[in-house]
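Here it is, the structure, as structure tokens.
Chain lettering (A, B, C and D) follows the sequence in which the chains are written, and residue indices restart at 1 in each chain.
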Amino acid sequence: MAAALRGFRNLVERCHRHADFAYVSTRCMASKTQVGFVGLGNMGNPMAKNLLKHGYPVIATDVFPESCKEVQELGAQIVDNPAEVADKADRIITMLPSSPNVIDVYTGPNGILKKVKKGTLLIDSSTIDPAVSKETAAAAEKLGAVFMDAPVSGGVGAASSGKLTFMVGGAEEEFNAAKELLSCMGANVVYCGQVGTGQAAKICNNMLLAIGMIGTSETMNLGIRLGLDPKLLAKILNMSSGRCWSSDTYNPVPGVMEGVPSGNNYQGGFGTQLMTKDLGLAQNTATTTRTPVPLGSLAHQIYRMMCARGYANKDFSSVFQFLREEENQ
Amino acid sequence: MAAALRGFRNLVERCHRHADFAYVSTRCMASKTQVGFVGLGNMGNPMAKNLLKHGYPVIATDVFPESCKEVQELGAQIVDNPAEVADKADRIITMLPSSPNVIDVYTGPNGILKKVKKGTLLIDSSTIDPAVSKETAAAAEKLGAVFMDAPVSGGVGAASSGKLTFMVGGAEEEFNAAKELLSCMGANVVYCGQVGTGQAAKICNNMLLAIGMIGTSETMNLGIRLGLDPKLLAKILNMSSGRCWSSDTYNPVPGVMEGVPSGNNYQGGFGTQLMTKDLGLAQNTATTTRTPVPLGSLAHQIYRMMCARGYANKDFSSVFQFLREEENQ
Amino acid sequence: MAAALRGFRNLVERCHRHADFAYVSTRCMASKTQVGFVGLGNMGNPMAKNLLKHGYPVIATDVFPESCKEVQELGAQIVDNPAEVADKADRIITMLPSSPNVIDVYTGPNGILKKVKKGTLLIDSSTIDPAVSKETAAAAEKLGAVFMDAPVSGGVGAASSGKLTFMVGGAEEEFNAAKELLSCMGANVVYCGQVGTGQAAKICNNMLLAIGMIGTSETMNLGIRLGLDPKLLAKILNMSSGRCWSSDTYNPVPGVMEGVPSGNNYQGGFGTQLMTKDLGLAQNTATTTRTPVPLGSLAHQIYRMMCARGYANKDFSSVFQFLREEENQ
Amino acid sequence: MAAALRGFRNLVERCHRHADFAYVSTRCMASKTQVGFVGLGNMGNPMAKNLLKHGYPVIATDVFPESCKEVQELGAQIVDNPAEVADKADRIITMLPSSPNVIDVYTGPNGILKKVKKGTLLIDSSTIDPAVSKETAAAAEKLGAVFMDAPVSGGVGAASSGKLTFMVGGAEEEFNAAKELLSCMGANVVYCGQVGTGQAAKICNNMLLAIGMIGTSETMNLGIRLGLDPKLLAKILNMSSGRCWSSDTYNPVPGVMEGVPSGNNYQGGFGTQLMTKDLGLAQNTATTTRTPVPLGSLAHQIYRMMCARGYANKDFSSVFQFLREEENQ
């Protein structure tokens, strides 16, 4: 009920903003109308399930038909392409691997914007270049639709348990409407500012994360070689100014902490290849904005070297292993 | 009383270890006998004062006679050189700028080892190369004295208020005797392992700190240019995996936090030049142990460039300012 | 005459390749028919003049009308936009600042491709992302036109004296037709391979150049501080394995060589900002191809920092100055 | 004869300089008196042989007696330790692995300085920290001996064929006396300046060499991935501003050149481990002189990572292989 009221307030606000706002979006009227979902991969699949679990009818599509089976069995309607989703839903979530996929899903021949209705709320949870988010938002706005970027922090586990963090960029008055849906899939939904700032926040966090992880790995390795016990060193760092998430929550040295990938041969977690992709986005935005990011840039190169040397699918904390001397020499 | 008992136990233990232990150290007998202090600079001065404040008679020296005045007025006995300190005290603390000073104060012509007595406890709180600590310890051991490295974390403020953290390396059975004195000057006294590990812990922490600070500065700068509000970005990082001490406790962006150097034109705090020195030590140890430290190495170079460009005496968080575009271009 | 024959052979070859080749390009018939030129900036202006000097009628345009005056006075016909150039010329050269300009000039509303004729030869001498070259070539090919990338090495001086080096990518059988025109403006015209490889060669060269220049500057600075005479050090490097173009032809240390920007307060030459742009292209291609380029990446960051600190318009050899300690500290 | 005259002139010059010069060195009297040689390893062995080949009686020693056999069979006199060499020769050459060995051979309990005679010429061809060269020179000077540093460029092959390059630091008036001997073992003997500058020149050259080699490897790798033929790319770089010794004389890409280690699975040549050692010296001197060397520092880290991953004994051009993507992924 509260959500419906919030939706109504949103509608009124939007009417005031857009003088030419003739079409009355049905999404504002009832919060549990059909929600569109494009991209049912490792992340999209559990996200869509959580929407179903919260009682939202879902209409979905994916380039790989077999990816649709699971949610179909749970009651989702499957259609052929994003345009058809847009034809039938006025709230759509997209979760795609990279910028080109987002461009194709939105502006391609069978893309969402081919049939998007005025007033439709488009939420893209892919991690992509913020410049692409801005362009897509501009294209959507021309058609009377609203685009928000809402990339996530947290992996497949958090997606399954509905514990993702969403960083949301877009018109502030649309935030509550987006939050209604995103709250079904995440524990935190943070408003970051205008379109693209969700991506910016995600990219910034992951760049600093990569720097902290490599830095922690270098430091732990150096300390061990200087005769320090790794657990003791971690303890000292964590009570001092060297403390960071990688040292106190996700320590990369096997045996220092339990329940983290370093204790499990770097299986699971956040893959080196995915981190490399995010660092590539950070570098692109740094180049566009002419921002010096020397450590971020070197972190990117190190993860790229790791991908080239067999670490692509290991957790990104395996940089500790990469930097240690091999035994058989 | 407890301290005296601990001292006695130490004596007994030492007697068991050193079969040739003929000289009976008076330091074990009464905890408030004279304590030697060499190096009364910005840090050493308040440290010596705290010893006096706790009732320890202090016998001190410094290459600059004027540095001795303050503690002299507070009751310390001033002598001409480290050898004379060693002649009169069997517990000595040294606090010096760099490795060559430590070598000179211990092994120089008027150095401590010229007159050190068997059983003397030597505690070096300088931040130096752990290899020098080990060599000095070996030289002291030949003379029957005990050397421990105990570098500090915390600046002049912490030294004045007795809130330093000491990271201590050396024989474990001597730790309590060292802790008795160090507790007068610090809030935390952490045992790290054999001689040199105190330095190792300090160096490791500061290397990771430098990496985290530059990383935070790059990230905040990038985020701001991508349209994020700096306070909001800091908040997001601090609830996410990008969190580190530099982002949540000592943020380098003016206006994000209060009471930190970034809010005071980077005055006070921990100077870029001092950080550069510590990173130089880290690099030396990394070279000696053949440890790859790519980010630590680049951090060193960045702080070195800053020193060359007028940032030597600003707080090390001024790297944020260094990386931002100048306005008049 | 020989050129006309070559042109004819080209025509025949093309006819064999394109079964649907109905339109007979006039460019093949007479080599001194009108040549189109888009982009009359610092580089394009002298290049167009050299075409006029060699007797080619030129039809040109630029977004800034005043840029057209000089060539107009020399006899060039000026039109309103690239589409009009394409309407009247079947050989067109473009020389533009960056990828977005190229996209606009070719595929924009008044772009070349709006009116390009079948068989037209399009030569882009801008330095841009090779991916954009490939896309533009594909778009041109659909319309029956031929696109080649031909970025230049050499600055305004070489452009004026007709001594540029062109690195050309595109169909090999078109190379001679391109070379006929490019030879009027350059001393070397090198065929590099398929479309985009001209850009690739340019980008690769400049990345290695930047690395060599910064490396030479670091090395010369270090040697000087170690007591070596800079001229002597340069001589030693140049007879040894440290030798590179930056040490033996364009030495960055004032006083070591004559006739280079380091001897003239880093005026003239190749601006830091332009080098930074090329390094940005190198990074983009490295990210796309997942190629580790650690030194290239760090070189990019260093030049970016220099841009942020007042070096944007100085010659890129001013990195030597950037790395030296300032005097008044 | 000419050499003897040069020797005599040297003597006269020295007499003028040192008013207190009472002892008349016999080395000045006849150029083919005994020459001492300490360190008969991979490099020292062929060097000593070349001295014998040129008719110089050699008196030698090495910590490993078996290393002495070869030169002994060729007529060299073998003694127990460096002090004995100094007792019998007034011209001594040392060729040792690293700084600690040099310190020990000169100032250790059986070191050269224990028995060195006034006027003795000491030439150290080891590659070590220039600070150690300076200290050793100062210690030698106190005893009336002359120390020069003369590190070599060129490997075992050049040592065998007498084609080494010597970079010599020390008093200029002693240079000719040193050159007389060094010319037997090398093709170039370059005077660099005061003591330590020979090391400085060597270190500087190798730092720039390492940067050029990694830069060339990154660039060639990037170009290949962008579709360029490696031979063509090398040709383009070598006629352009990207040219360097690593691209035109020692190309790291298999198949581009013949007769270099890249064509032989990176066997032979200059080992990664040795380059890493030299880069460590460069970093130490940069730290001591507070010189920013960002690329040199990163090059050091990359070679260190390579040592940790099995490349220690491959030629340093194998960085190309290190940076390329592994096939089985």
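FYI, contacts are C-beta pairs under 8 Å (C-beta built on N, C-alpha and C of every residue); 3 or more make two chains touch, one makes a residue touch a chain.
In UniProt terms, the chains line up like this: A, B, C, D = 3-hydroxyisobutyrate dehydrogenase.
A quick note: this is a predicted structure, and the numbers were derived from the prediction, not measured.
**Student:** More C-beta contacts across A-D or across A-B?
**Tutor:** By the number of C-beta pairs in contact, the winner is A-B.
**Student:** Quick one: point me to the chain whose Cα centre is farthest from that of chain A.
**Tutor:** Max centre-to-centre separation from chain A belongs to D.
**Student:** So how far apart, in whole Å, are chain A and chain C when each is placed at the average of its C-alpha atoms?
**Tutor:** Roughly 39 Å, centre to centre.
**Student:** Centroid of chain A to centroid of chain B, CA atoms only: how many Å?
**Tutor:** 42
**Student:** Taking each chain's centre as the mean of its CA atoms, how far is chain A from chain D in angstrom?
**Tutor:** 55
**Student:** Could you tell me which residues belong to chain D and also touch two or more other chains?
**Tutor:** 290-294, 298, 302, 305, 307-308, 323, 325
**Student:** Which bits of chain C are touching chain A when the two form their complex?
**Tutor:** Residues 276, 280, 283-284, 287, 290-294, 297-298, 300-302, 304-305, 307-308 of chain C touch chain A in their complex.
**Student:** Would you pull the chain C residues touching chain D in the complex into a rising list?
**Tutor:** Of all residues in chain C, those touching chain D are 130, 153, 165, 167, 188, 190, 192-194, 196-197, 200-201, 203-209, 211-212, 214-216, 218-223, 225-229, 232-233, 236-237, 239-247, 249-250, 282, 285-286, 289-296, 298-299, 302, 323, 325.
**Student:** If we count contacts the way the header does, which residues on chain A are in touch with chain D in the complex?
**Tutor:** 298, 305, 307-310, 312, 323-326, 329
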